[in-house]
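Chain IDs A, B, C and D follow the sequence of writing; residue 1 opens each chain.
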Amino acid sequence: MSDVIVKTTNLTKNFPAKKGIFRRSNGCIYAVHDVNLEIPEGKIFGLVGESGSGKTTIGNLLVRLIEPTCGRIQLNGQDILDLKKSEEIHFRRKVQMIFQDPYESLNPRLTVYETVAEPLIIQEKRSMHGNEKELLYALESAGLTPPQDFLYRYPHELSGGQRQRVAIARALIIRPKFVVADEPVSMLDVSIRVSVLNLMLELKDNFGLTYLFITHDLSIARYMCDWLIVMYQGKIVESGNTEEVIQHPLHPYTRALISAVPIPDPMVKRRRVELSEAMEDTSKPPLRCRFYPKCETRSPICEREYPEFNDKGHAHFVACHGV
Amino acid sequence: MRIGTKRKFGLAHLLFKGISQEALGKIGIAIIILFGVMALVSPFVINIDPDVYDPLIGVDPLIFSSQGPTLTHPLGTDHLGRDVLSQLLKGSQIAFLVGITVGLMATLIGTAIGLISGYFRGATDSLLMRITDIILSIPSLPLLIMILCVFEHRGIWVIVMVLGLTGWPITARVIRSQTLSLRERPFVQSARVSGASDWRIILIHIAPNVLPLTFLYMTIGVTYAILTEAGLGFLGFSDPTISSWGMMLQWCFSTGHTFKALYWMIPPGLSISLLALSFYLVGYSLEREINPRLREP
Amino acid sequence: MEMKKMRTIVIVTMLLCFGMVTALVIPSSAMAKESTVKIGLVMEPQTLNPLSAESEQNWHIIKMIYCGGYIDPRGLYAYTPKSLEWIPYMAESMPQWLDDKTVVVKLKKGIKWHDGSEFTAEDVKFTLDFFGEFEAANYYNTIDMLEKVEVVDPYTIKFHVKEKTTLLYYRTFMTLILQKAKWSKIVTEARKNEAPQKYIFNYVIKNPVGTGPFKFVEEKQGQYILLEKNDDWFLKGQTISTGDGGSVTYGPFVDRILFKFYGNLSSAVLALKGGEIDTIWHGLDAAFIPELKKVKHLTVSTKPYYHDVKFAGFNLREKPLSDKMFRKALAYAIDKDFLIKRLLQGYGTASDAIENPGLEFWYNGNVENYFRGKSEASRYSKAISILKEAGYTWDKEPKIEGSRVIPGVGIKMSDGKKVRTIEIITRTQATNPQEAQSAILISQWWKKLGVDTKTNLVAFPTLINNVWWENKFDVIVFGNIIEPYPVHLQYYFDVKEIYQYGWNVMAYKEDRYQKAMYDWLKVFDWDEARKGAFRLQEILADDLPHIPLFVLKNIHAYNHTRFKGWIEQYNGVVNKDSLSCIRPVK
Amino acid sequence: MGYLVNRLIMTVITLFVILTVTFTMFRLMPGDPSVFFISPQMSTETIARIKAQFGLDQPIHKQFTNYLGSILHGNFGHSFFYKRPVLEVIGERLLNTIVLFLPAAIISYLVGVGLGRYMAWKRGGTSERVLIFTGLSFWTFFVPWLGLLMIWVLSYKFGLFPVGGMITPDKWLPGSTLLGRALDLLHHLVSPLVCYVLTWFAGNMLIMRNSMLETIGEDYILTVRAKGLSERKIRNKHAARNAILPVVTAFSMSIAYSIGGCVLLETVFSWPGIGRTMVDSVLLRDYPLAQASFILIATVVLVANLITDILYAYLDPRIRY
């Protein structure tokens, strides 16, 4: 296994929860709880789970858009949470993010030139002028050809796919090491998804990137990722090599998730795992298994203690008493 | 190299589109131009004969009481024999001066406070919003009069300053709520991921996106300034050494000519209302352009 | 809008109306058809407490209830309605001097307070002692000449005074008298209070008791005050000579007086025209005259003059205004005719002396008038030559070309120093349009002489503060109250009045005037006093501590179809005597 | 509960700041109210003694703490001008203003909301344009001028309404009937009320229209329409009910502003209300009256805002503080 580029230790993020007219403070939502990650360099690391499982929160934590409640994050072995102001800019240079919605992630008042050049201007204290060379290269790498046609356009003059490519060009122009891609194709038309995904794969090789690829779509995860982590309500329930996890899901939640993916072949029948509507209250700290209310295979121990995260061989980890 | 050339999406374009597509906007612009011409013409009228047509000290030597329109005085004279028309023309200069300056000042302050308050939140926000609450919870005219009473000399610039420094709260509130929503938008987060400083985010990413709204509130601010200065004038608190429309009405009212000399009472009041209306119409048309939901299906 | 919406609005409006109706108090008794004079006032009275009432509008009401007062006073003695000679009022006869420090006054018998009790010497003594003890601002000048007041018997009072002057007559003997029975309770309470003056000042008189022709009935704050006639008034049915050959018979013949308050004159005038009120007790602006004259039921009286003389007073403490020649030049530059013709629309008269020209007996019309009525060119050329003689120079000298004055720039004193900007301070346009507009015009005229002048219109307390208390001003445009006997010749110009809060705010000190004035105060002979006053006015016109400007006509209008017998007095046709004498038209 | 307590504390702090600011401002103005009780002929000692009784001789911070202390005891002092307890004067004036303001606000609110609703539903039509233009024209009318025009036409030319004031005393004297008094008050109320409504309704109308248009664009209206409800029901029950919230907020925020506007209206119509009293008390340096009226009006406004916020949360289940 190659070097670990990003490592988190007991990463936890709570959001304060307020309800009612009089704003009674009802404790907090445990969005991410006690997460330990090791992301190997040069790999695509997939993060899957349903909405609200804490995937995006982890993404935001890793690029420091939000600060964790507790826990540590290390980048190349260096703790990034207590960086000085002057060191922060170096960190920003190494880590970039691609957002889900290309219609929202570009400033509508800036041209492509201004948007893409911004990281350069900030990072290298350049002036607004004279960055054409890098820009044209970045745009071309992002598949916008001929690049000079796009330089002075505004976002509203571009299609969704083109915008996402601009966003990618912007993320890559300062040659980051680690990119968080938060559902980068979910807002795009199905027809152009593959080309954007392919572009990302291509860039990974060309620029030597490491991706944290966040998605709820298992088929895309399977297409993209080397490694897969399944999250459920702020906790990691299963992790392992992509093919291993998808072929041999161990956690009941992962099994339910995989059974929900439609199979294009009408002849194949798969047993669908139906989950009950019952939900665990995320405003309480996890004392029992989060999946307990929905689990088909639960046993009394599941209610008493939270399952340990165990290696089941082939670097396949799972947190379940039943396995 | 064309850097930052705004094609199609620039503010000027937005303005032009907003105003030209809307009949009401055109009316507004037409009225503004009319009064603009009046303001420009004013010095020429005075120059015909300053002894007669100076709005403050010129008097017609043959007229000793307020008289109706004649050829030499198309809008008649006031009780001292001063020409109403030249007062009206001079008044349009003052209305523009007060309106535009106060509108700009109030909008700039309001936008700055709204941006800072909405972006940084927390204690800064609380403090600034409490100040806003304070200004908004005191009736404006008595508040202005109280502030003006502190000054021994009420020159027009003192009035402009006081109006400008107290006219921003509504703008600040609107810009703040807009900023609160903008700061959570992915493009702002994207800039933050790129390492942009807070001020860069505010100036490059948020401010340009509240600009149309700022402009809208400026037109409202101009309306507010014109009406408020006129109100102060009517109550006798404007600069007595200039002939603003409010002061004209005050002279007419306080000397008992209100219902007697309609040629003197109608023009200033009508001008105040029309100019205020015109800026509002422009703002209204602009609002429809900014908020597409308000347009016709 | 559809019907349903309209219905909702109508219902809500009706509900609101009913809400208001139920909130009102149910009236108690029915009022018979009686004659009621309805008088409009432009400002509501603040209080019925005569110790703290200050606005003139307020005194109109208090005067009808009490005898005596602050403006247009009458107490133990009074003026005849027209010739303004001095006659006994509540006193029985003229004062008798025992020596230079003691004087005795006898009271009329049978004068009744509104509550039926008798008016006696005890009331007079109580009142003056009370003023002395509590140092009431309004009455301070009535007691400062007194040493002691002694009650000889219920109808005789002996005054021990500091010196024998006419001031005593026109102040102390004309002051308002309070009822001892009512006020001694208040005084006892006040003495217990840690802030006695404040207690008295803020005391709310709910039911004032006086000896005047009308009794208080009820007040609705901010809306109206109702008075009814006092059938026991000591002058009821008596006929007195007006002093000009005529006579009047006192009533009161009307049953009630209703004072209604309007926020501004325009509204009050519209109400008068519509018949809502019978008259307005406030000087009307000239602009109203033509329209009022067209109304059939109204008579407009424009003859009498208002009792204040507008003037431009100088701060004589500093150069260049301490220079008499400079002031004279400024006086030549003022066009009083312009002010009269245009500003007052002809309804006023220029005044050259500090006296009301309408009071012909006291007004000296032959004092120096600084080319009043002459052409602009001649006035300015005179002003320029005076300035030149006195050594003033200019950056650019003002010139006369034909009939036009070419303004000068940057006047300098004889020592070569620049004359600083001169500021004319006066009340705001809304408070007093004539003063404000005069000030603006005067500043324009003085500018032509190269004197940099600006106008500062301020709120009344600011004016008082800057001028009277801090003496921080250059020129003040203001109105001096002129009393029927010219006592103002003393208090506006006496050296003793030069101090921080003093009346002599201009700091005028000329020995020849002081001497002439003190001599004059000791003159009790009517004609001699007139000569003395003439002399004083001459000195003032020459020394020019202030420039008298004009006196307004006191324009009043009344409904002659409802009441007749109005008496035109020096202070207008609506006055205390008129209201005591008018009768309903059958 | 925490929220409410928090808001109340904030309100109290805001009031304290307003109090401090107004207090300081008045001391900064040249001139003080001793003009009312000092005669130029008094000796300096007398003047000092009398000033001391009114507390005007003390250093400003002392005057301030004294003032604060008496306010906490509910004593706002005596008006220097009216020589009566300040609360008495304000109470009476405030009542007069409310008699005018409340019906005017309610009517302009109903008219505005009704027209706004109608306009949103009929958008794009000529009637909408005409309404907008008329509304905006009145909205930007110079209030005293409109008032003067109304007096000129209604009272002067046609003699329909009184020229000013709140009542005709003749109709309120002892012996008058209740109905007579009510009608008289109503008669006086019409002109200023109409003037007020004319210049005020457009604000509510436009906010309602915009908010209604936003609501109509929401998906749930489509759902309701798909259910086959009548257009009228959709408009009145579903769209309008949700669209009304911004109007409520704007209404509470505009209270202070409109009381300021009342100054002009009260001047023109001789209405003895609080706005005019505030201005006069500032001019006369009647500190106690001015300070108390500024603070009381601010209290009214802040409490109104507080109530609106709570009401808002109650009306719109999406909003939770």
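Please note the rule applied: contacts are C-beta pairs under 8 Å (C-beta built on N, C-alpha and C of every residue); 3 or more make two chains touch, one makes a residue touch a chain.
Since the model is a prediction, treat every value here as computed from it, not as a measurement.
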What are the two chains with the top count of C-beta contact pairs?
C-D
Which chain is most central here if centres come from C-alpha coordinates alone?
D
Chain A and chain B have mean C-alpha positions lying a whole-number Å distance apart equal to 50
From the C-alpha centre of chain B to that of chain C, how far is it in Å?
43
Whole-Å distance, chain A centre to chain C centre, using C-alpha means?
87
Taking each chain's centre as its mean C-alpha position, how far apart are chain B and chain D in Å?
23
Touching two or more other chains - residues of chain A
none
Residues of chain B touching 2+ other chains?
149, 152, 235, 253, 258-259
Per-residue overlap in chain D, given as positions that touch at least 2 other chains
29-30, 151, 156, 267, 283
Under the touch definition given earlier, write down the residues of chain D that touch chain C in their complex.
29-33, 35-42, 44, 46-47, 49-50, 53-54, 78, 81-84, 89, 92-93, 96, 99, 102-103, 106-107, 110-111, 114-115, 118, 151, 155-156, 159, 162-170, 172-179, 181-182, 185-186, 266-272, 276, 283-285
Listed in rising order, the residues of chain D that touch chain B in the complex are 10, 13-14, 17-18, 21-22, 25-26, 28-30, 123-124, 129, 132-133, 136-137, 139-146, 148-149, 151-152, 156, 206, 210, 213-214, 217, 253, 256-257, 259-264, 267, 275, 278-279, 282-283, 290, 293-294, 297-298, 301-302, 305
Chain D partner, complex, touching residues on chain C are 1, 5, 8-9, 12-13, 16-17, 20-21, 24, 26-31, 36, 38, 44, 46-47, 49, 52, 54, 135, 137-138, 140-141, 144, 195-198, 201-204, 218, 220-224, 226, 258, 260-264, 267, 270-271, 274, 276, 458-466, 468, 491, 497, 499-503
Chain B to chain A touching residues, read off their complex
1-5, 7-9, 185-187, 189-197, 200, 204-205, 208-209, 211
Within the complex, chain D is touched by chain B residues 23-24, 27, 130, 133-134, 136-143, 145-147, 149-150, 152, 223, 227, 230-231, 234-235, 249, 253, 258-259, 262, 265, 268-270, 272-273, 276-277, 280-281, 284, 291, 293-294, 296-297
